[in-house]
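What follows is a pair of complexes built around chain A, which joins chain B in one and chain C in the other.
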Partner chain A sequence: MTRFSILDANPIVRLTVNLREEHQPMSRNVANFTDLASKTALAWIIAAMLVIVPAGISAAIAEELAGLATLPGADDPAARGLAIARETEGRDVGFGNTSANMKMILTNAYGETSERELRNLVLEITEENEGDWSLIVFDKPRDVDGTALLSYAHILDPDDQWLYLPAVKRVKRISSVNKSGPFMGSEFAFEDFSSTEVGKYSYNWLRDEACGDRICHVTERTPLYEHSGYTRQLSWTDTTDYQPRKLEFYDRKDQLLKTLTFTEYQLYQDKHWRAHDLFMENHQTGKNTRLVWSDFVFQAGLTESDFTTNALKRAR
Partner chain B sequence: MKKFQATCIASALACGFGFASTAPLTAADFEVTGLVEPELQVFPNRGNVAGQKRFNSSIALEVTAEAFWDNGDQFVVFKPFARLDQNDGNRTHADIRELKYAYVTGDWEFRVGIDKVFWGVTEVAHLVDIINQTDSVESLDGEEKLGQPMISVSTVQDFGVFDFYLLPYFRERTFPSMGGRPSFDIPIDETQTMYGSNDKRQHLDFATRYSNTFEDWDVGVAYFQGTGRDPVLNPGLDTGGNLVLIPLYAQIKQASIDVQATKEAWLYKFEGFWRRELGEEYIQATGGIEYTFYQIFDSTADLGIVAEYIWDDRGATNANAFANDAVAGLRWTANDEASTALLLASVVDLDTQATSISLEAERRFGNDYFVSLEARFFENVQRTDPLFSFADDDFVQLRVARYF
Partner chain C sequence: MNNGWVVTYANWIIKLRWLVVLVTVAGAMAMASGGQFIKFSNDYRYFFTDENPNLKAFEQLERTYTSPDTLLWVLRPNEGQVTDPKILAVIKEITERAWQTPYSIRVDSLTNYQHTTALEDDLYVRDLVIDPAEVDPSEVLRIGTTEPAIAKRIISDDGTTTAIFATLKIPRDDITATAAPVAHARAIVDDIRERFPDIRIELTGSVMLSTSFSEAATRDLQTLTPGMYVVLALTVWFLIRSISGTIATLFVVGLSAAAAMGLVMGWMGVKLTPPSSGAPTIILTVAVADSIHILVTALISMQKGMEKREAIVESLRVNFQPVFLTSVTTAIGFASLNFSDAPPFRDLGNTSAVGALVAWILSISFLPALMSILPITAKGSLLRQSDFMEKFGEMVIGNRRKILVGMTAVLIGFASLLPQFTFNDRFVEYFDERMEFRVASDWAADNLTGIYQISYSLYAGDAGGIAEPEYLDRLEAFANWFREQPEVVHVATFSDVIKRVNKSMHGDDDSYYRVPENRESAAQFLLLYEMSLPYGLDLNDQINVDKSATKLTITLNDVSTEDMKSIIDRGENWLRTNAPETMYAYPAGQAVMFSFIGISNFEAMTVGTGVALLLISGCLMLALRDLKLGIISLVPNLTPPIAAFGVLALFSTEVGFWSTFVIATALGLIVDATVHFLSKYQRARSEQGKSAEDAVRYAFSTVGTALWVSTFVLIVGFALLAYSPFRVNAMLGTMVAVTVACALIIDFLLLPALLITLDGKRKTDKIAKADPEPGATEAPAPA
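Entry: the complex of A and B
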């Protein structure tokens, strides 16, 4: 009987995780190990290091190994799904603040394209049960140049959002109850954009399977936000780096609506993965939207004062 | 290579500033953008003033030049505007909308120069918005403003945002000329403009505002002291002995409040002021609700409804037609890639039943064109109504903006 073999069969993996937990307390999946298992695994590590260090690639391999977490078994798919989501979130803890540029390429069913460009600032909020703060400034199309959106994300409540309209210099508090509407006319909904917080969904692990040349955990997640536009989503999460590779969105009638593929991952600060190409395909309308991220800056020196309505007015 | 040089010469400043860029926030450290917007207006009714035409064309140009440095903590913005109008000499005008230097340090922001500031929450009447003078030849909605010289300081603290403004120079409201439409039937004689202060335009005005967010509530409280932006229009005679309206800009003291509660898809709005002007005290207020139906009929479109009420305790005057008026509006946004939107609004005077109806439609074409169509109709306007001058000035207006 093959189970999700890689994780359960390999003691190196287990111990690496254990060691990692000691050094990175933000990780949430601390497994229990017997002394014997630890010692065995430690021996494995030492042996492995002896082989690897002379090769001069120890760092890379250690990182690869550190990328593997211990998860609850298949007999508890809810716990396993939750643990996968927590692992994904835990790996991005401590990013602090980022700035990045984004280009959106919208393609309609006739193949005609239009583009948007924006800059995105994010401030990590470490408080439990609160989402991150973000400031989005639009550059293109030019008629919305300077329009900016400030969001304080919440987990299950509507976000706090202010929109700045530069032509009239007006800051408007806007209703954000509806997160399922299109973002800038694209195939991304507001809720697809907002920070992925573990508490936004309930989880059910389905299987592990190949995804391209990788192996992914396939998890079904159900939005807990009552006004979500989706009944459920299927996520493919890489078993090594715990980054999403694919997401399927099912609409309120439980029909497959959209598929999002994440590619062009880059690692920042030896810890934070960011996909630079997100391709969203709408299966019902034939439209698609590609997001291309660039110029990621981590620890961009942003503070809470960069996420105020005053900052919104001068964000250019 | 040659091409690059040519580009660099053409935008020498952009090249010079561009390479200094280290700030992550600023896409470019120097940027020039703008729009050219031809406009066509059609007036179905014959004007009751000699010289008023059925058709009018005009073109507007607005340029925005911005330079940022010091990680975006210092910037200069220059935004000139000009319109050339076929029939209305007063509408052919130019203005510096902005010419300011700003310096941000920590929680403090300092600005000096010509700038624009908006206060308020409601959709139709903008009662508490007082810093800038209205450029009323541009639009009837009162949202087009003239640049205001100022020195301002703003600080964001844990207990709220404080803004202070010193306003050393006054801008007079623009009025359409007699050939312009819509316009007053009695001409406004700006050569005789009067002031409540001997300092006239040089009177130093002062304003301050406190604003804060308390969960779902956004609240602003403000005080203004100086030359009132709304002129009192007194009848008088011009040099030829003809009846004219003479603007008087009185000294006023005004305290105001604006509040919005955001409760899921419901927005509750209120704004109002107490004003002391020419020995008289009065209150104006407006408030209402906005509710949005999302993704109507399984589409991506949203439909918002707006209902507001506007009140002036002096009753209707020629300075303010909104004394006991109700507003009903519908806003449809397609949420498509062209940003298509429709806004239908009607304002009814509950005393006289005079009604003004406006329909605005807009969408983007390609990446750089934005087209807006606006129609305004005045119905059931009695001769005694302050709106009567506009009663024959129903119009349909098309604007095509080309952004660069």
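Entry: the complex of A and C
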């Protein structure tokens, strides 16, 4: 039993109960009965999760979790920061492959907006020191309908990227170290939403603090990729589900450039959290981009053959 | 004796002299204490009102694309080309350090230019120079001078000069925000200069323009204002030869300037700019005139044997009304600057107007009180000057016909020169060679690129429409047309980007260096290209968010405002003839704003000057209670600016927007001499029943000395502004000085001749009849 599952699950129970109490102040007796019922139910759920979830996780993950039971203390912030990142990654291990729809809403300093629609397929790569594979199909704007981007993410080397251009019916390989430019003119850089592997950064835990109605670990992470657009990032990872809640991006002169806020989390397959609303605000230009995810499908039946240059052409 | 209440007032001032000094000084100091809140404006946009259409277009462009604030390091090795590996290493170093500039959002240089190449279906996008030691200099030179995006902008055709551009997004609400980036940029310059004495490096860009405004203002306040104080002290002492009188005068002017600056700039929170930093100098100058009139009359009376207090009372009696009148007219003149379309000049006008009024209050309260405290001895020199004025008066009376004809001919001659004037507002030339910005910008323009730019946001009709071949084709034609214009140095256009990408998408086949065949291809190529660009080198500075418009920017050489307007007109004409209606665009840019600053202020100030003239003439007629004298007074009030600009026309027919403020500023001052002369003339005619000739003699002998003394101070004061490194202030000061000088000549020659000729026939008794209570003519405004 880890310190985290016990201590951090409890506040949620209390919170849920409190909410219920507030919402039903009129009929006291019924409320009490419901409270009792829900408390019992929640206790069962938690108990079940404590048994089922660890059982479903591979031995390697169990090891990692066990490591977390002794999450390094504040006297070793680097190790503590790394452990937090490992925990986040560990909790998403085994998602296998997913497909989802993505909508981007771009807003300039003038308040003018523009939308992009894409589909995103991801294949989990379990090999150590390799990033996931992804295939992004562009649906809107109309002019780029059917254009598809295939990426093999690497930890410290430039990603391998191919783009299929239906207008000329050709696959182009992009040879560029750049992952830091705006993705489709948005405030997201490709590196901002491509897979976050632990090995991409070095870590330094700073503090724990309240974030919304949760407690977050605040960790500073420094990109190890030479051509990253950032000097560092500050990440807020909640202590309950170990999901990112907020990310701050600092530019090359170490000035706050952007803030990314993650909301609308949903749990898939009892294990995999996905934020459905990612709001990126550029503090320097006054522009922002909202990224809205929908229609997540886990274990979508994708295999490596769906992530090849040949598959790109069929992606539409 | 008439003006009985002024005498009572004067005696009362002398009686309560200590209290008066204490209260007035305390009041002025309270106003001046606002000085601690004074802040400089670091924004050239402050020269434009929010309603200014050119500013609106500029800000719309800024919000749609990226910030227009730039810093530009221009460097040129004394020998050889910038593609030499050693120089490339320096460029790369500056590029990396430029990224550290506070508020920087983009850096463009020869080394980080994103060069696109293709090998079959592989697209390579990378820095043009990754390792300076391993490049082929001739290849870098070839690419640099042939890629339209950087040729002639980042690197000169001969490869000897290069620039590193940093784009900054400076917060608009923080007026001190430019200090940090400028300090960083200058530190780079200093460091490179020290380590590489063989490389010349200069710093320019719009951020430096903004900084130069505040630095010029600081410089004016630090050098001109104290300088003016010293000049005033010496001049006043030399003219009145009384140390106590000089000290008293310096107190009056110093307190007036400090109180006005403290009140308007401090308590009312108006931001200090180069034009308004001229206000203390102007107030010192204007305020001294009041004091001199009161002092000189008192001193002359003392020399004629009057006791000190008696002389002070007499001086107040004689000068109360004219000093009030001149202060009000001066304030009206300055206040009319509120009609200006350039807020810094409104601030200048308001501060100076407040200063003129404070000076008036101090001159009739603090000054006589202090004089009665301080020991004052009058020396003989003033009398001699007075003798000279009387002789001068005789000469004018004797030669009045010749003077009348001669002066009229000269004035008509000058007037005929006026239509030649044209506006020229090259903002680089607002600063003289003492300012780093001017030297750097001139040098950069000579060797690489100009600073004057015009941008057009060209709309494509619908979202994503910028990929439409017809649009790109029109865009390219527009850019090519601009490239044929002699004034144009460089054109940055999206059509060049898409042409290059199209070529790369076809294995770098030169025959594909053209607009893609269809919209989908262009859009998809663009998507691919954008994806491969790094942070800060994206296309968001030239494509809007829904890809419905692109920004085309032309860089011009050192063009005049007329040429600028001409190319704007021709550009508009081209669009109307050759482009669909959706593509019509309003030109925007700093250069465009400053091109129209002359004409917009000319229109505004024509009204403002007219209103000031009406008000001032009205005041004059009301005070003189004589329509005929009022009409005659228009001549010496209106002709000096004509004469002054006539003199200027002999040297140059190009004027900046400063010229629109000359008349309004000078009007309140030149009226002063007329007021003093006419009030003495009228007093002699009505009080003493003298003939026109004798009244002129009386005016010369009583007020002649004070007039040329105060005019001399005005000339020195405004001429001192000529030493401002901010040429707008320098030219305004020079022209006001010339105008005031012309006014004195006209007051001393043309006005007496006119009076004798036009007013001489009027019989003295008729005046007396028309004005049964002579004292009423000099009844001052309510106490």
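The working rule: the second predicted complex is superposed on the first by the 245 of 316 C-alpha atoms of A that agree within 3 Å, B and C clash if a C-alpha of one lies under 4 Å from a C-alpha of the other, contacts with A are read in each partner's own complex, and residues count from 1 in each chain.
Assume contacts are C-beta pairs under 8 Å (C-beta built on N, C-alpha and C of every residue); 3 or more make two chains touch, one makes a residue touch a chain.
As the structure is a computational prediction, the values presented were derived from the model and not from experiment.
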After the overlay on chain A, what do you see for chain B versus chain C, clash or fit? clash
Figure out whether A:284 sits in contact with chain B (first) or chain C (second), or with both, or with neither. second
For A:211 in the superposed arrangement: first (chain B), second (chain C), both or neither? neither
Pick one for A:315: touches chain B only (first), chain C only (second), both, or neither. first
For A:297, using the defined touch cut-off, is the partner it touches chain B, chain C, both, or neither? Pick first, second, both or neither. first
If you stack the two complexes on chain A, which partner ends up touching A:99: first (chain B), second (chain C), both, or neither? first
Report for A:108: first if it touches chain B alone, second if chain C alone, otherwise both or neither. both
Under the stated touch criterion, which partner chain does A:255 make contact with: chain B (first), chain C (second), both, or neither? second
Where does A:234 make contact in the superposed view: on chain B (first), on chain C (second), on both, or on neither? neither
Looking at A:155 after the superposition, I want to know if it touches chain B, chain C, both of them or none. Which is it: first, second, both, neither? neither
Would you tell me the residues on chain A in contact with chain B in one complex that are also in contact with chain C in the other? 106, 108, 114, 141-144, 168, 170-175, 177-178, 180-182, 185, 229
Using the touch definition from the top, list the residues of chain A that touch chain B in their complex. 99, 101, 106, 108, 114-115, 117, 119, 121, 139-145, 158, 160, 168-175, 177-178, 180-182, 185-186, 229, 295, 297, 300-301, 305, 308-310, 314-316
Within the complex, chain C is touched by chain A residues 106-110, 112-114, 138, 141-144, 147, 149, 161, 163, 165-168, 170-178, 180-185, 189-190, 227, 229, 251-253, 255, 284-287
In the complex, chain B residues that touch chain A: 24-27, 33, 35, 66, 68, 71-72, 75, 102, 104, 106-107, 109, 116-118, 120-121, 143, 154, 156, 161, 211, 213, 218, 260, 262, 264-267, 292, 294-295, 300, 302, 335-339, 364, 366-368, 370, 401, 403-404
Touching residues of chain C toward chain A in the complex: what are they? 60, 63-64, 66-67, 99-105, 121-126, 169, 463-464, 467, 505, 518-525, 527-528, 530-540, 543-547
